[in-house]
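Structure provided below as structure tokens; questions to follow.
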Amino acid sequence: MITGTPILDHSLTLLLVIPLVGILPLLAFIKDARAAKQVAIVTTFAELVVSLVMLAQFRVGEAGFQMVESVAWLPSLGIRYEVGVDGISVLLVVLTTLLTFISVLYSSGGAIKQRVGEFMVAFLLLEVGMVGVFIALDLFLFYVMFELMLIPMYLIIGIWGGTRRVYATLKFVLFTLAGSLLMLVAIVAVYLNSGPAGSRTLSFPDLIAGPTRFAPEFQVWAFLAFALAFAIKLPMVPFHTWLPDAHVEAPTAGSIVLAGILLKAGGYGLIRFALPLFPIGAQVWLPIVIVLSVVAILYGAMVSTVQKDLKKLIAYSSVAHMGFVTLGLFVLNTQGGVGAVLQMLNHGVVTGALFLFVGIEYEKTHRRQIADLGGFANHWPLYTGFFGIFVLASLGLPGLNGFVGEFLVLLGTFRYGGQPISGLLWGPLAAIGVILAAIYLLWMFQRVMYGPVREAYKALPDLTPIEVACAAPLLVLTILMGVFPQPLIAIIQPSVDRMLALAGATITVAVH
Amino acid sequence: MLDFLGLVVFAIFTIMIVGAGLGVVLANRVTTSALLMAFTFLNMAGMFVLLGAETIAAFQVLIYVGAITVLILYGVMFTPQTPRAYGLFFQKQTPWGAVLAALAALPVIVVAFSFHDAKTVAPPGGDLNALAIAVFNSFAFPFEVASVLLLAAMVGAIVLVKRESPAAPPAAPLRRSEPPR
Amino acid sequence: MPVGPFGLDPLLWAIVRLLIAVVLVVALILNSSLLLIYLERKIQAVMQDRIGPYHTGPFGLLQTFADALKLIAKEDVRAGHTDVAFFIAAPALVFTPMLASYVVLPFAPPLVGADLNIGLLYLATLGSMGVLGIVIAGWASNNKYALVGGLRSAGQLISYEVPGILSLVTAVLVVGSLSMVKITETQTGPLVNLFVLPLAFATYLVSSLAETNRTPFDLPEAESELVAGYLTEYSGMRWGTMLALTEYGNVVVVCSIMTTLWLGGWNGPGVAALPILGVVWFTLKVYALILVFMWVRATLPRLRIDQLMSFCWKILIPTTLLNLAVTAVLLIAFPSTLVPVAIANWILLVAFIVLLPVVQQRRLRQLRKTLRARTAAAGVAS
Amino acid sequence: MSVDVVGLVWLVPGIPLAAAIVNGLFGRRWLHRTTGVIASVALGLSAALGLAIFFAVLASGGQPRVVTLYEWIGVGDFRVDTAALVDPLSATMVAVVAGISFLIHIFSIGYMEHDRGIHRFFTWLPLFVFFMLTLVLADNYLLMFVGWEGVGLCSYLLIGFWFEKPAPYTAANKAFWMNRIGDWGFTIGTILTFLTFGSLNFHEVFDKVAGVAQTQPLTITFIALAFFLGATGKSAQLPLYSWLPDAMEGPTPVSALIHAATMVTAGVYLVARSTPIFADAGSALVVVGIVGAVTALFAATIALVQVDIKRVLAYSTVSQLGYMFLACGVGAPIAAIFHLATHAFFKALLFLGSGSVIHATEEQDMRRMGGLRRKMPITYWTFLLAGGALAAIPPLAGFWSKDEIVGAAFTSGHQILWSVGIGTGLLTAFYTTRMIYLTFHGEPRDHHLYDHAHESPPVMTVPLMLLAAGAVLAGLVLGFPPDAGFIHRFLAGVVSAEAGQQPEAPNYVLIAVLAAVAVVAALIGIGIGYAMYARRRPDPAAVSRAAGPIYTLLVNKYFVDELYDHRIIDGGRALFGAAWAFDAHIIDGIVDRLAWLTALIGSGLRRVQTGVVGNYALSIAAGLLVLIVVYGGYATGMLHR
Amino acid sequence: MPLAAFIAVSAALFFIGVAGVLVRRNAVVILMSVELMLNATNLAFVAFSRRLGVAGERGSVFVVFIFVVAAAEVAVGLAIILAAYRNRPTVDVDQLDEMKG
């Protein structure tokens, strides 16, 4: 990475400002679809470039927060506008900007026909929310961004969604809102307990600077509130029913972003706020979360095997993958943590791509039920190639990116000597998840791709250049992250170690 | 001697007030209750004088008897008040109302009677100066707010009651030569 | 407790005082009203170049007594379906406030009923109680004309109460106290308030004309379409008290307020030496003002109800408010002297007199234009 | 050697990968036919380099050398590099795999000529070779796992090559899922090794095994069993074998390459490579042996009654693999590798022979063949030689390697396993002769088929001949003096069962006796076969009727497929269905119930708004009453506790 | 006169007003009862202000403001009643229940 003087000084704030600046011309051209598309593409591309520059100037190997910008926002309440990135969030930010750019590029390729201007505005707003969530260091700012993410998503699903969109979007919002309100209560509680009247603060670096400021039983409940909010967002098993509906009804771009980034907000929140701030809470709730994650892995895979709708199948598969993330986070060791963060990145790329391809297929055939599909391999070789690779990455084929994350998580789980039963039980159970993944994904792949040629789809064209342009970066990333994961690991590991150390994990020093 | 006289006058006033008050509530003709209300206000002014607050008594008469009663009489005249038309003039919930009022009244009156530490004789001198100073110095701002409130009430009442003037002017009066339209 | 004169028992003395008061009221106040009626008819006649009553008694003096006797002797007629209780109560409600205001009037230094330190406010309050009687009279007589007449005159009385009280307030600002006795004492010299607050005097004069239902505003009695307003159903002594006694009683009260405030009350040469002389000066000033009332009655035509109301709300009240504001500002600006206040008041008076017709003209033109536009539009539409 | 050949080891898998990428990207539009040539040239280069490395290792006396490319994953104390281990074992494997793949590539140019998807074929085949070579060359278990799953993927793609028809892709799925179950075992094994030994590199692990064996013997057994589960999955041993016969749906060269020579042997390579672990694993080794033996016998019995020529060969492969595991089980890994090498040659030859027969007659069912000897002489003779090798006729390769295994079983005291070995050898000889007679000898049963059968073009027959040479000579070249042949000396350092012990002098007399017994069993088998099918004395149909239930059992392959398909798959589907129902109705149900509840409360509250002003006044008054009572109570102290 | 007497009278009148509001059907009478209640409070205020000798007639000041509020309240109350009356030809509170939930 390029060290020395930062090329772009206020890059993080710039990341938040660009989409907002992009919205202005959009409002002017709201009626003219073509102009709206161009503005949106340019804005999201600029956002992507800035995020890459930020990544370039990120000093690898440092655990602390970098490029921190801190300005007093509501001084009376001790709330500061504080943004910064560390090993975990820098990659997630780049993932966000990349997926948003791809979604906008794809939507402008004809997927969204009516009210394009409003769609783009919603998307840019969504991007602000998403980037904000990952770079916010002040709990209040984090909460604001967490909510800001919700509204555009609600609109995107609600307006441009499928037939049962209203039910789906309402369910999505109510679920997430219930969770986030809990979190708000917890944030206020944190604020009040964060010190004597004078030195109260919500900024994360200060909170984790000194010895833990919170009493043990407070930590237990605060952790529960935070974890619940993120569990709903992440969909852990009992709270996951909103995800399939939201995905089935969301437009393609919405699905990509929903699966690619919104789910990560939950995972990110866990490792950023829940674990480090409330170590004792983490210890107390650890067994339940681990059991739930393993259940999520198996349950998600089992349910998605019998799905009839393609998008629902992939939605449930992301429930299973996110089960790996929570498992990795909560086994509290380096391998697990790094594996979880990697899994988040991989899942973002791979599931984002899968939804992109389901979207492409839906735009052409207007059918999503697996029974109606079949025999695409005969007349869509390029599509089959791309889709095949992403399916394989999703089921964790070594050499592609899925495997690295999952293997590290499994390694971490085996190492976990926790209360209920040591990792030696949870590890193999979770590994079974990998088998089930192969089953439902390949069975879907076989029913959709193979089989005799169907007259209805014979004449449909293969991937258009714009679709290839959208898919290519994801494909390259999938292969690169599988074959050369070390650069990413080098970025992620120090920060994960720091967070997990805070959460009371024993970090094994690298033995050379 | 004077306080005996005062006692008598107070007794008269009390009987008048309570009697007229009950009259207002129980009278079956609205106009009677309006008048009885005016009478209660007058007696109340008397009470104020007994307490030595002449200004308040004067205001009481000026505002309540002079303006509010007339307003209510206007209201009474514009609305139908043929008691016989709709039988029972009590509400459906009369029993509950009465019971509730009685229940509430009991503890308050008991408590009221327990006040026994105040002075029995009204302090000398009218209350005009003290009142004027209080209203225009320490309570100046509330006074302004009260004026704004009155303005708002006036405008509100007018707007509520004002009928839209019909688009077309009222039809010209019939001339004798024209047949009835 | 004050002991009665000649060692009488206080209780007994209280009753005796009550009797004396009743005698005084019947004798003086009622008779003065009769006298005034006679005076009114005489002056009216003289102004209209005729003689007026002269048969009954020397120079017709007993004419009004004769009328009074006739009214008392008249049969007590009451229309059917009238609200009996209210029909009877109404005249009392109108008469008693007039009667009660005499207690405060300062005839002479020793001759004052009760020197209330809120005397003027007391008078204003009683003035506003009369309205109630009128409304009830209108309502009780179960007659459409009576009802509408009653509501209209109530509206008029309440409307004109506002400028009246405002002008009183202006005067009080200068004088500084509400007690009638103190007011008169502050105007010992020849410089009476009339020269300090002429505009206030003028506005109070106009509003008191309306307050007592006098000529330009005597809408209820002779309204062509309202027959006799709230008095239609009344006859006999009820009518007498309602109209004659109350009206003229009020005229006396209003004039005495004006004399106390603007003309210096009982002050005149020689009062310092012999206080009782004040009564003479006081009555002279009051009767001067009453002559002005009668003069106005003889000359000015009657106003329509909407002209009357718009004059009050659109012209009189703004002027009195302006006057009050100007006086208050100047009093604070120059606390010691009254000269600037006087100058300002005179200027305002002149402006008021000059501008009044101009403003009315423009309003009329405006009104006609809108009416013509609307009829034209209606013409096009129909 | 002037050029450090071993340093170029990464080129061996690299070149096929490059060929795969080139064919993949440009195959469809421009290359079509030429993809075959590109693939074959690449394989040739890779094979040549492989042989060069083999000889370089031979020259350097079997010194293991690690060639590292870059650090693959490094998290905390878990360090894994992409590194190649070049030592005698991996060198031999590379030579075998590269050599046979090269020949098969040339064969498939001819075989796949008329197929529309030829470019796809020649993308995935070199890709398969790349993964196989990575597997073999890997220096640590994780990289081996990459090759392991990669190979599984390519077998999935190639089995399901003709995806229009349903059979191939269901077979492909089945293959991948079975492999995946095996890989589950492999993953657990890898992780456990890391946890116990702190590293995944072979030499680091093997150095520590002795030490750890004392402290945690149980974990070693667990690791061994886990790896063995992986091996069974990959090399189609008993519990997870049923995918191999179905894999015959793929094109024959695929079957030849993947399901005969290379992929299936990966399991054996794994067990051989981790002999130190298995050696100290105590009971695990016996398990390997037993499973191997049982599978061998079991598969051989099924092979007796198969009618499809490729099915027979598939079951014979399963049985031969059983032999190899038996060898490992009885502590003779070198014998296993020796048999692996020889088996690769003659089984590949048999498959390609059957391939050329199928290519010629477009028919796989032996009952409709017959008398093809005259029409396809070269295929007949090469097929005959390979059959001989399979049946372990003395001079041929099969005899030497199988005999050694059987001998090793006897000498190491596992007499029962020895007898099973001999029995399986008899059955093998029988079904080989049956197969040869049904296809090549006797009268042609289907004249139409017989008429237009023709000899395959040279591009197919040349590899057959080369392989035939291999089948004949491999046995002699590699392991002539039994237990002291070239291969024994070569692999002794790396793979010896008793690390460090000197192999005691071979007792030639015992070996000769055992060899004799094996040969007699083989001859008996051939005799029965000749009698039944050539002379028709005990007519096969009559025998099958006589056998009755046994025959039906064998024909239906012990109903194993039905067991898997109906019991496990349907049970699974029912369970997953229940899970989905649970999700949809219970969890969603609760959420919808919640919504319904709020609506209910709402409608209840609605009735409070009666609209009558009086009621509202009453409620205000009630409030006032409460206020008064409470305030009054506290003010007057009545309500204080 | 003891303060308690005044307070008792004020309480009595207040609860007569409350009874009036709860019991009567005619909107105007309800309005009157409210006026009674306001007046009762006035009495209590003045009584306390005068008798407890609170500095500067604080109680009476409140009474002034109550006058203002009462006047405004009657004006608007009547306006509403008339508007309701014009809408439906009844002033009976029980029948005016369009605002039902």
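Per-chain residue numbering starts at 1, and chain names A, B, C, D and E are given in the order in which the chains are listed.
One rule holds for everything that comes next: contacts are C-beta pairs under 8 Å (C-beta built on N, C-alpha and C of every residue); 3 or more make two chains touch, one makes a residue touch a chain.
Just so it is clear, the model here is predicted, and its values are computed rather than measured.
Enquirer: To reach subunit E from subunit D by way of touching chains, what is the minimum number of steps?
Expert: When the steps are counted carefully, the minimum from subunit D to subunit E is 1.
Enquirer: Going by the touch criterion stated earlier, list every chain that contacts subunit B and also contacts subunit D.
Expert: Under the touch definition, subunit B and subunit D have E as mutual neighbours.
Enquirer: Give me the step distance from subunit A to subunit E, shortest route via touching chains only.
Expert: Contact-graph shortest path, subunit A to subunit E, evaluates to 2.
Enquirer: Using only Cα atoms to place each chain's centre, name the chain farthest from subunit C.
Expert: D
Enquirer: Weigh B-C against A-D on C-beta contact pairs and write down the one with more.
Expert: Most C-beta pairs in contact, of the two: A-D.
Enquirer: If you average the CA coordinates per chain, which chain's centre is most distant from that of subunit B?
Expert: It is D whose centre lies farthest from that of subunit B.
Enquirer: Taking every chain's C-alpha mean, which one sits closest to the mean of all protein C-alpha atoms?
Expert: A
Enquirer: Determine the centre-to-centre distance between subunit A and subunit D, using the mean Cα coordinates as centres, and give it in whole Å.
Expert: Using C-alpha averages as centres, the distance is 37 Å.
Enquirer: What's the distance between the Cα centroids of subunit C and subunit D, rounded to whole Å?
Expert: Inter-chain centre distance comes to 123 Å.
Enquirer: Measuring from the mean C-alpha position of subunit B to the mean C-alpha position of subunit E, what distance in angstrom results?
Expert: The mean C-alpha positions of subunit B and subunit E differ by 7 Å.
Enquirer: How many angstrom between the C-alpha centroids of subunit C and subunit A?
Expert: Here the centre of subunit C sits 87 Å away from the centre of subunit A.
Enquirer: Could you list which residues of subunit D touch at least two other chains?
Expert: Within subunit D, residues 612, 614, 617-618, 621, 624 contact more than one other chain.
Enquirer: What chain pairs are in touch here?
Expert: Every pair of chains meeting the touch criterion: A-D, B-C, B-D, B-E, D-E.
Enquirer: Enumerate the contact residues on subunit A facing subunit D in the complex.
Expert: 171, 238, 240-241, 299, 302-303, 305-307, 333-335, 338-339, 375, 377-378, 381, 385, 392, 397-399, 403-404, 407-408, 410-411, 414-415, 427-428, 431-432, 434-435, 438-439, 442-443, 446, 449-453, 484-486, 489, 493, 497, 507-512
Enquirer: Which residues, counting only subunit E, touch subunit B once they are in their complex?
Expert: Within the complex, subunit E contacts subunit B at residues 1-29, 31-33, 35-36, 39, 42-43, 46-47, 49-53, 56-58, 60-61, 63-65, 67-76, 78-83, 85-86, 89-94.
Enquirer: Please output the residues of subunit E touching subunit D within their complex, sorted ascending.
Expert: 18, 21-22, 25, 27, 30, 93-94, 96-101
Enquirer: Note which residues of subunit D are touching subunit E in the complex, please.
Expert: My answer: residues 606-614, 617-618, 621, 624.
Enquirer: Could you please specify the touching residues of subunit C with respect to subunit B in the complex?
Expert: Spelled out, the residues of subunit C in touch with subunit B are 1, 10-11, 83, 85-86, 89, 116-118, 121-122, 124-126, 128-129, 131-132, 135-136, 139, 147, 151, 154, 158, 161, 178, 374-375, 378, 381-382.
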